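Each structure below is given as structure tokens.
Both complexes shown next keep subunit A, but they swap its partner, so subunit B is in the first and subunit C is in the second.
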Partner chain A sequence: MDEKKEDKKRFGSIKNAIKDFVYGMAAHDMVTYSLRTRMHMENLFMLIVMGDMLGIPVLPPYYSLRLLPHVVPHVKTWKRTLLRDRDVTDRMFGG
Partner chain B sequence: MVVNAAMILIGGIIIYFLIYYYRVKKIDRDVMKCDPLRATPAKVYMDGVEYFPTNKFVLYGFQFKSIAGLAPVVGAITAGLLWGWLPALIWILVGNIFIGWVQDYFSCMISVRNEGKSFGPLSYELIGPRTRNILMIFLVFYLILIMAAFASLAAGMLKASTNSIIPTATVLVSGVVVGLLIYKLKMNPFVGTAAGIVLIIAGIFVGASYPVAIPSVDFWLVALLVLCLVAGLTPIWSFTQPTIYMFFYVVFFGLIALVASIIIGNPAYVRPDYTDFFAGLTGSAAMPLWPLLFVTIACGSVSGWHSLVSSSATSKQIENENDVAPVTAGAMLAEGVLALLALSIIATLTADETKGLSAAQIFTKGASSLLLGSTTAQAYVGLIFIALALAVMMLVVRLGRLTINEIGGEKISLLNNKYIASILFLAVTFILASPTLGGTWIYIWVLFGGSNQLMAGLSLMIITLWLIDTKKGWMISGIPGVFMIITTIAALGFASYQSLTKGFSSAPIAPGNIAAGIIGVILIIAALIMCVDIYRAFQRRRLGEVDRAKALQTKEFQNG
Partner chain C sequence: MKYLLFAGKGGLGKTTLSATTARYLASKGKKVIVFSTDPQASLTDVFEYDLFGKGEVKLAQNLYALEIDADRVVADYQASVRKKIIDMYGEVPEEIEDYIKSASAQPAMSESATFDSMIELIMKGDYDYYIFDMMPHGHAIRFLSMASLLDTWINKVVDIRKDSSDVDERVKRISGKESGASEEKGMIDELMDIKNRLGFMAKIISARDTTALFYVVIPEQMAIMDTEIAIREFKKFGIELSGIIVNQVYPKELASDPNVPDFLKNRVKMQQGNMETIKKKFGDRIVAHVPMMDKEPKGLEMLEKTAYIVYGGTHE
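Take a look at the complex of A and B:
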């Protein structure tokens, strides 16, 4: 019984590995590109409403304060993404 | 002794497996002291997008797809055609075992240990600012030459394989349809993909029955370049990405069928194992095995492009250091198997059968005969070849534009315009690739391989300097790096001399060959400047002016 379970588990992990491999070849870059597009849009939005956090003289509107609680968890990542020095060899892969 | 295709393919797989388990793992464990608990950039800087820990199987698929394209196929066929299958086989095995995986693995590992930095910043830091600019020069010419070489091959295939034209058009249409279904109509991706695949299958059967004959390479060249211009200027999700996604299915099922037919059919190698040290193709001068074999086959053995993929995209997604070896070295060794498959296609055809045929035509003839030789098989095999070329070309036009922006955009603001940069890029491609303008394909191929191998040489030297800085054994990359740089400069010298003399001696003067020759000369000058910079970087370390070891160790410690 245990052997059967073991075989089933092994077969399942091989199946998952093949599935992941095919996904990696077929769609991984498509998915990451979509995520990057979303990231750029969100960064732009945050730059417009919270630009003063990066030292850009954008006057914080009333809505910045309303949005602040939603933005706080992303501020660290957002600052790092925008301020990071990007070489063309980074941007080649959609960065 | 009769040599069979299955014997070579299975033998190659066994050798690569042994190398992986006894060499790659040993280096991973003893030299790099790979530690699964050490934090990777994907974890430290995780943003869910660029830096994102990814499953190793997904990443393996991504890495393999990013490095394996048409180049290992055409390189192996061309080398087999010129010098016989044995030198090509030896270089595919030896190059991969001693250089190929070393470059891919260390490029990724060094980036992982240096906060996910790609090779641009690493060349700047480890050698100097000028070397980073030289990398840009290699890159822009690499992109122009890959575009010219692939456009020329694909145009030749569209002219010769009349049954593959409707299937190609069908894939392009299915790409747009699938993109709309998935992105705009929010359809389930499985259903959308299935609809696209059905459309392609129908296209293959229709194409097999209704050939379209337009016997002008220039016509197809212009058509392909216009297609690439559209792909480069439209939003990537609307055309380029979904079309490449559909090309993947065409190629994936085709390669599985080819591997199965080689193992089951087991055709014998009937081609001469070795022809001559100086071999030539129609319209080209005698080509010496050294240095040209080592640039003719690039991707199946060693390729500079891989170091960019490994250090720019893959390193930012590595979940833990244990994954680096299977993902990078594993994918490189698998690409070697792809090159062996391509080599088997030419080696199973006699010299008479391939007389006067181009690499593209040889691929169609050999691969379709492996798939039972029907008209449908011919249409499908032609489509696989065009898909491999177009998938790269559609992306390269974007990358070319980006690199032109980077190099000239600051000084000439016009080059920042996406239309002007794209058209300029494609115009140079047309001059090189058009047979009417006198471009000789084999020299362009050698120059493309040369620019690629110069990037490989540079990345191997960057790896060497990093290994010296971290007090690790550097011979593993230093010796291959020196070999690659010397060999490549010699190959570029040959190709540019031949291109220039042929370009000026013909009547009327051939601008295609002259442009190729000038590009070759620029690459040689850039390579020599790079050699001076690398030598100075070594000297600085020898004289103790640079002691990065302490700083790097501290950084590694902090990361750990």
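Take a look at the complex of A and C:
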């Protein structure tokens, strides 16, 4: 009985390893690329809505204030991303 | 027509004409509200009733007026944003508090608050007629063009957000992991509500079958020049004038009355010369001539008399 369970466990971990391997080969790059695109979109969104925070004038911020509560957790990271120094390696690795 | 806007240079009688028109329509059994978008609103003076910051005030049967206190609206709005952040996260982070303060201090903020109040009022749809006493010329153009600018802006913002959701969806499908923020739903709801409001207003401002924009001019050079500029500027933002109202016109008989002093005669002659210019420049755009009154049209009774002079017994 225990042996059967052990076999099943081994088979499961082999299956997971193969799944991870295939994911790594076929989809990992795609997911990383998509997440990077998502990050740029988030930055663009924040800029177009909350640009004033960085001294970039946008339209009257009346409606931006309505969106403010929904972006509170992102503000710190967004400011850091946009204002940090960049060098040539950022360009190479898409930062 | 459902929405009537009176614009023009400062001091030419926009408020009086708005109030007169409102009084007239109300006397015809239509439920009317007159709303002032001017930060230096003078509906209170014209109606001789304290309206400032009092909400929708009933002045007579079917006649209502609204003169908002934009500073208070901004302060209340600020407080509601703060409250929402506290409800969601327990506190307002310092940098967010600084942003709320600096955003609210911008001069365009009270203009936007007035604009949003105007949308709110129209969306509620409680009245047969909405009469807007606009702020002077340049401000009015900026104010009305705000609808199409903000509409373009919100459409872009919504597009970006939708693209982001598509990416989230793609990542979830491939990796089985969530990448989007959990507050996405609230954000989309908020965005769609803003988009609906702004789209609604942009449509109303450019709808010539329901909205009429009248420009008030007096027979004086400066006002004529201002009107020419305004027509061009409004056109740039796709807003067509529905008509020009020539206000404060002295009766021309005064020029030949021997009892009238030369000073007044000269003014009448000057006005007659300018009336010719107005006719040449604006031609069939002129929809009404309103005579100069012998006293200031103030208070409901006087406004009713003025309405009789301006609109007579008929109304289109």
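Just so we're on the same page, the second predicted complex is superposed on the first by the 89 of 95 C-alpha atoms of A that agree within 3 Å, B and C clash if a C-alpha of one lies under 4 Å from a C-alpha of the other, contacts with A are read in each partner's own complex, and residues count from 1 in each chain.
Convention: a contact is a pair of C-beta atoms (placed from the backbone, for glycine too) under 8 Å apart; a residue touches a chain by one contact, two chains touch by 3 or more.
Given the structure is predicted, the values throughout are model-derived calculations rather than measurements.
Colleague: After the overlay on subunit A, what do you see for subunit B versus subunit C, clash or fit?
Modeller: Verdict on subunit A: subunit B and subunit C fit.
Colleague: Give one of first, second, both or neither to describe whether A:Leu83 is in contact with subunit B, with subunit C, with both, or with none.
Modeller: After superposition on chain A, A:Leu83 lies in contact with neither partner.
Colleague: Considering only the touch criterion stated at the top, classify A:Val75 as touching first (subunit B), second (subunit C), both, or neither.
Modeller: Only subunit C is touched by A:Val75; subunit B is not.
Colleague: What is the contact status of A:Asp20 with respect to subunit B (first) and subunit C (second): first, second, both, or neither?
Modeller: In the superposition, A:Asp20 touches subunit B alone.
Colleague: After the superposition on A, what does A:Thr37 contact: first (subunit B), second (subunit C), both or neither?
Modeller: A:Thr37 sits against subunit B and subunit C alike.
Colleague: On the A-aligned overlay, A:Asp29 touches which partner chain: subunit B = first, subunit C = second, or both, or neither?
Modeller: First partner only, subunit B.
Colleague: Working from the superposed arrangement, determine the closest approach of subunit B to subunit C, counting only CA atoms, in whole Å.
Modeller: The answer is 6 Å, the least C-alpha separation in the overlay.
Colleague: Same subunit A residues contacting subunit B and subunit C, which ones?
Modeller: In the superposed arrangement, which is not itself an observed complex, subunit A uses residues 23, 27, 30, 34-35, 37-38 for both subunit B and subunit C.
Colleague: Subunit B touches which residues of subunit A in the complex?
Modeller: Spelled out, the residues of subunit A in touch with subunit B are 16-18, 20-30, 32-39, 77, 80-81, 85, 87-93, 95.
Colleague: Considering the complex alone, what residue numbers of subunit B touch subunit A?
Modeller: Interface residues on subunit B, with respect to subunit A: 45, 47-50, 52, 54-55, 57-66, 118-121, 132, 135-136, 139, 189, 236-237, 241-242, 245, 248-249, 252, 308-309, 311-313, 399, 402-403, 406.
Colleague: Report the residues of subunit C in contact with subunit A in the complex, numbered from low to high.
Modeller: Listed in rising order, the residues are 77-78, 81, 84-85, 88-89, 93, 95-96, 99-100, 102-104, 106, 108-109, 111-113, 115-116, 146, 149-150, 153-154, 156-157, 160-161, 163-164, 167-168, 170-171, 174-175, 179-181, 183, 186-187, 190-191, 194, 198.
Colleague: Report the residues of subunit A in contact with subunit C in the complex, numbered from low to high.
Modeller: Its residues touching subunit C are 23, 27, 30-31, 34-35, 37-38, 41-42, 44-45, 48-50, 52-53, 59-76, 79.
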